[in-house]
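Down below are the structures I want you to see.
The two complexes that follow have chain A in common; it is paired with chain B in the first and with chain C in the second.
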Partner chain A sequence: MDVDKKDSIASDSSDQVVNPWEVSAKDGGKIDYDKLIDQFGCQRLDASLIDRVQRLTSRQPHVFLRRGVFFAHRDFNEVLDAYERGDKFYLYTGRGPSSEALHLGHLIPFMFTKYLQEAFKVPLVIQLTDDEKCMWKNLSVEESQRLARENAKDIIACGFDVTKTFIFSDFDYVGGAFYKNMVKVAKCVTLNKAMGIFGFSGEDHIGKLSFPPVQACLSVPAVPSFPSSFPHLFPGKDKLRCLIPCAIDQDPYFRMTRDVAPRLGYSKPALIESSFFPALQASGENGKMSASDPNSAIYVTDTAKEIKNKINRYAFSGGQDSIEKHREIGANLEVDIPVKYLSFFLDDDTELEHIKKEYGEGRMLTGEVKKRLTEVLTEMVERHRMARAAVTDEMVDAFMAVRPLPSMFE
Partner chain B sequence: VCNYRIIFWIFQELQIDYSKYEHPPVLTVEEQAKYVSSSEGALSKNLFLKDKKNRYYIVSAMTDTKVDMKVLSQRLGLGKGGIRMAPEEALSELLQVSLGCVTPFAVVNESARDVSLLLDQKFKNQTRCIFHPLSNDVSVSLNTLGLDKFLQSIGRDSVYIDLEVNANPVVGKDQPPDLAVYVPSNSVVVPELPTKTASIQTASKNVSAEKTKPVASAKPSKLAGNGKSAVEDSALLVFKNPEKFVEEILDKTTALLLSEGKGENVEALAETFRKRLTSEFTHLAVMYKNTAYSQGFYAGTQSQPKRP
Partner chain C sequence: MDVDKKDSIASDSSDQVVNPWEVSAKDGGKIDYDKLIDQFGCQRLDASLIDRVQRLTSRQPHVFLRRGVFFAHRDFNEVLDAYERGDKFYLYTGRGPSSEALHLGHLIPFMFTKYLQEAFKVPLVIQLTDDEKCMWKNLSVEESQRLARENAKDIIACGFDVTKTFIFSDFDYVGGAFYKNMVKVAKCVTLNKAMGIFGFSGEDHIGKLSFPPVQACLSVPAVPSFPSSFPHLFPGKDKLRCLIPCAIDQDPYFRMTRDVAPRLGYSKPALIESSFFPALQASGENGKMSASDPNSAIYVTDTAKEIKNKINRYAFSGGQDSIEKHREIGANLEVDIPVKYLSFFLDDDTELEHIKKEYGEGRMLTGEVKKRLTEVLTEMVERHRMARAAVTDEMVDAFMAVRPLPSMFE
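And then the complex of A and B:
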């Protein structure tokens, strides 16, 4: 069973650390994703699975699948098996609204979830954990609710279909059937087991764990994976499967959920997991972009000029120091950030291959790659801004209304 | 601070056709006219304006265009007296220029990133137009294509408006403020420093506060502005109004056709269209759908139950 597997988050500081609170690579190097898959016990999302997705959805798989951004899963093939038989599923993803500033890294799971919604024609629930942020980040209740609504606007701007999407905040929605499931889950999870999964020892982090509503906190991400938590959406569909796109550092939360689900008579949620979006400055120093360092990230509110500046000034380049040397040995594609970013956001496979070849063999210069990246990101951010401007408070209310979604599988 | 020579460097990099005139420092259009004759191009008057929420605007117009501040203010959705001349500190702080030197080129400065630039539509009919390139002892003439190219290179859209439109009423139930979309989304706080003088790294003589270029004066009056929804309303139109929606789709399609259509065979072109436009149009359509649904949802919450 997933939970009992020895997936020790190493206390040895020279090893890589990946958990929901901390992400760092070994000795300041790169995150070893193969090792992570091994450590966590999930599966590689291989080419045959991607082909299967293409056949089932009759469209080109999303760029994040093609480029290995979403690279691991748990039970995704079983979800596809069921889908082929006509048994649908629903999607669940969420955000902890801790800052107003959203950067591209934050958008990635939402962009992918939107694709899944469109491609498979399935409904989606989006959870805004304003209560969790209120407690852990010491925000006032009102402030975390306000941030939740502001974040909801950026999420909606990613292009979710209101007739198939339910957005809820914990402060608004927890209660009724949802709360009943929370208590059911909490009864199943002992403190010891939680500590085992998250890798806490008795002495460290006791402050975090002894805080009274913590067990409820731990169960909150689990509860939306159970369709009975949403009686207005899935009445009588207790066995409906759930697929959760998330970043791989969220895996521990859902391992616990998968352990608890069968004991409560629910299907285990399936996961589809992504690697980290690297910070502008370097792929090595830490794995993730940080919302607290504005120069580590491109924000959805950045102007074209700011994007251009940030990329030119801060994006870590794998190009050589001199043009002659560069023409001779080419760029180091392993550490080059602009190429990495293009692999996330440049949809055209042929063009990306061309850039990698020319740049890697020294014929294309860093400046050109950065210029192309600036174009791609500017277009994306512009499109997001336009969509965001159209999201009114009424639209947020509509997405967050507890209402049935009659055409959710169309 | 942007040295005015940078403007010329940008012109050369972008191969923009221009002519440069050097003369003693001038503070008014009349003085400028003494040194730069109208055969070189159309002189411009440039206003630096500010609204009550600390948002700033440059309005650059032909000298004979009547700029009615009251009308402009209403068209921006700021009510009748919402706009006035910006104070001198803002000139140096945000535009990095001295008195008598307001110019569209001032937006090259990072400090001016939130300043909205509005250009007189009538510039487009001129062979060339004349502006100061950040310094009032130099003038430069160029055509609007060159100006557009310059602005585009620094990430700015060229916004041309008909300044002499004066509908009656200017703004009303069937006539939303048509310039509201150009109100900056960010306000700027400029510290009040009455002793501060403009810092310009040019070789111009010391400019002291003298008569500024004669422009339309702002009448002080009480605020009657629309508030923050003005900007959002305009973006919303595409997603609310079928005609605007179709216009947006056709704009993007024709733009792609014009840029990709030369010499391509029709099948390949059709493929390109599908590939490049599908995702973007789907996104637009989803937002259109969401907007309609939200309006219906809101109407539902407000509707009376049917009488039995």
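And then the complex of A and C:
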């Protein structure tokens, strides 16, 4: 069975729904990621693959690999096979610039992509889908473009290497080779197929359907997944492979892209996929953070005081109702958000294990764990704030300039 | 009643069907153009308007105006009002480059547009929709682009002024300001509306629906109708009006454009619309020429001998079966193709009237009329062939260069 060609592209099993627009678990419980791997037909990112990454890059795997945040993949092993033979690849990720302030969940793919870029020493393209946000979010063209540049500053603040990174906004970059690939992708996809995958109705803007070839719908991924879309970066390298780090809800996009790729003479892009970063109030890990509720997430613009307050007031605790009961049976780590957040952002494996043991066995209290999380996030947000403040308009221009990358394949 | 906002955008009255994909009259008879004006809600291009054109341009109106080939309009009078006050406008026409060889019907809008450009001394944009043809006609990107350039040579051979004319292909030019207007147009049109107008089904390529914002479907007209789509031509002139010469089957496109225009802050484009150029075999003027039947049309690549043969063998005659009967009752000019063709291309009004009188009253025979038509078309085609042979690749590059136009508003 070709795992990419399942009839139901989006997971619409009655148990859980995971697609770019909806993430919901059975009865409001946890997402079953093992089941999702089966539903989607992707592969588990297992320990042997992580060991292989460590060996090939001669560095400790990123915390998101060690802790299973990135837990699934498609053809990542093939990309590593090629890499081992001396064939480089390029990375592709992106963001829809619908708001000014990013929260921690938004940073995860960029933090991980920065690690991949450094570890594998490969070029990276970052797409800002301002056209899609203009279409779907009822933003003006100008406001979408402004948000794209503001978001680019946050992305650059993650520490990307300007000699290996091309950031582009669709409104700036669509045209030429990129537009030709849009048309080629569009020719491969019937309207019925698109409507089935993405659940459009006839009352939707025609622009929603016009966007697949750009990216909003089907081909957010499709076009930048093909090296010929970037003639200034990859001239004559049409067979160069692309690796896409993303959250697993984006998988339906890329199944479509992988279906189309060989028909256009390109390699299928490989994927490395993460679980979801939970909302502060989440009892478990179901759901994505809600942009409409600022208390559901820590933003990179939050002050130390706001971070402390949010964690203390809103972070769902797995601790017991009374100290006595907590000392007796310990915290339920499965639903505890402070522990969950620490497992994303506390780099020290030993300390994390210590906290989980002490907290899980009732010797550590929720307040103490929240205090540690507050320290970790405050430091991380403060570091981001300082890095972002140092990003000038000239730096944004430099990352977004259409140019060859000098040290692309070192 | 706002004449632009009829519920049925394409004319689907049971009498006759006229839209960009189908032209058919009741019972295979003639298109009733008076009825079409009512159905579409456009205006008649009457004698007083033609007189006004003559006065404003200080030259005899083009034969296509004098003979009623261009017979309908939308807001042409308003464009003339503004022109009289000293406000210029720009012209916009185009072609879908689906084949190498153009026939005489293809030349009509370009011949007329050249006259308008000369008479009003205004800039002109010509869109070659190679992206649309790539999508719909199953041509490769490369072949569509090659055909676009070949067609550009035929268009240039019509005598356009390079200092006032910008020819562009979508694959070359889509991007930037043009792409932003594509997204703005797409936001204004629901999928249901588009499907209703253009009769799409769910099995169509998603690209067909993705194309409205480009142009193939809805916005072939929409985007070039807005001056901001050409920042190198019309900087700061967002209120500049656009006049579009086209055949009346394109009207549904432009009704949609006119509906969208004010919502985006632009003027509605004005239209000046022609009847159809009939096929050689047509008994009347219903139908368009068929690209699949080379004998249904005279091509600009036909030799003198081919022209003569086609006219003699295929041109539908209104003459009588026997000379005796013909001498007695004369030709039926209403269905006679040679007379119809002469009324398009024989510039001399006096001679045309003479032929119609002599032929209609039986003193002139079909063979004589066909001989005169052969002379007229042979000369016209030969003139075109020589002009086209003189068009170099450098000239194509010059017309297609993205540049300001030096003598744009003289």
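One rule holds for everything that comes next: the second predicted complex is superposed on the first by the 368 of 410 C-alpha atoms of A that agree within 3 Å, B and C clash if a C-alpha of one lies under 4 Å from a C-alpha of the other, contacts with A are read in each partner's own complex, and residues count from 1 in each chain.
Just so it is clear, a residue touches a chain if its C-beta (ideal position, glycine included) is under 8 Å from a C-beta of that chain, and two chains touch if they have at least 3 such contacts.
Source: prediction; values computed, not measured.
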First (chain B), second (chain C), both or neither touched by A:180: second
Touched partner set for A:305, first chain B, second chain C, both or neither: first
Chain B versus chain C as contact partner of A:171, first or second or both or neither: second
Contacts of A:141 with chain B and chain C, given as first, second, both or neither: second
First, second, both or neither for A:160, with chain B first and chain C second: first
Residues on chain A lying within both footprints (that of chain B and that of chain C): none
In the complex with chain A, residue positions of chain B that touch it: 110, 113, 154-155, 231-232, 235-236, 238-239, 279-280, 282-283, 286-287, 289-291, 293-295, 297-298
Sites on chain A touched by chain B in the complex: 118, 156, 159-163, 303-305, 308, 347, 383, 386-387, 389-390, 392, 394-395, 397-399, 401
Chain C residues within the chain A interface of the complex: 131, 134-135, 141, 171-176, 179-180, 182-184, 186-187, 189-195, 200-213, 218
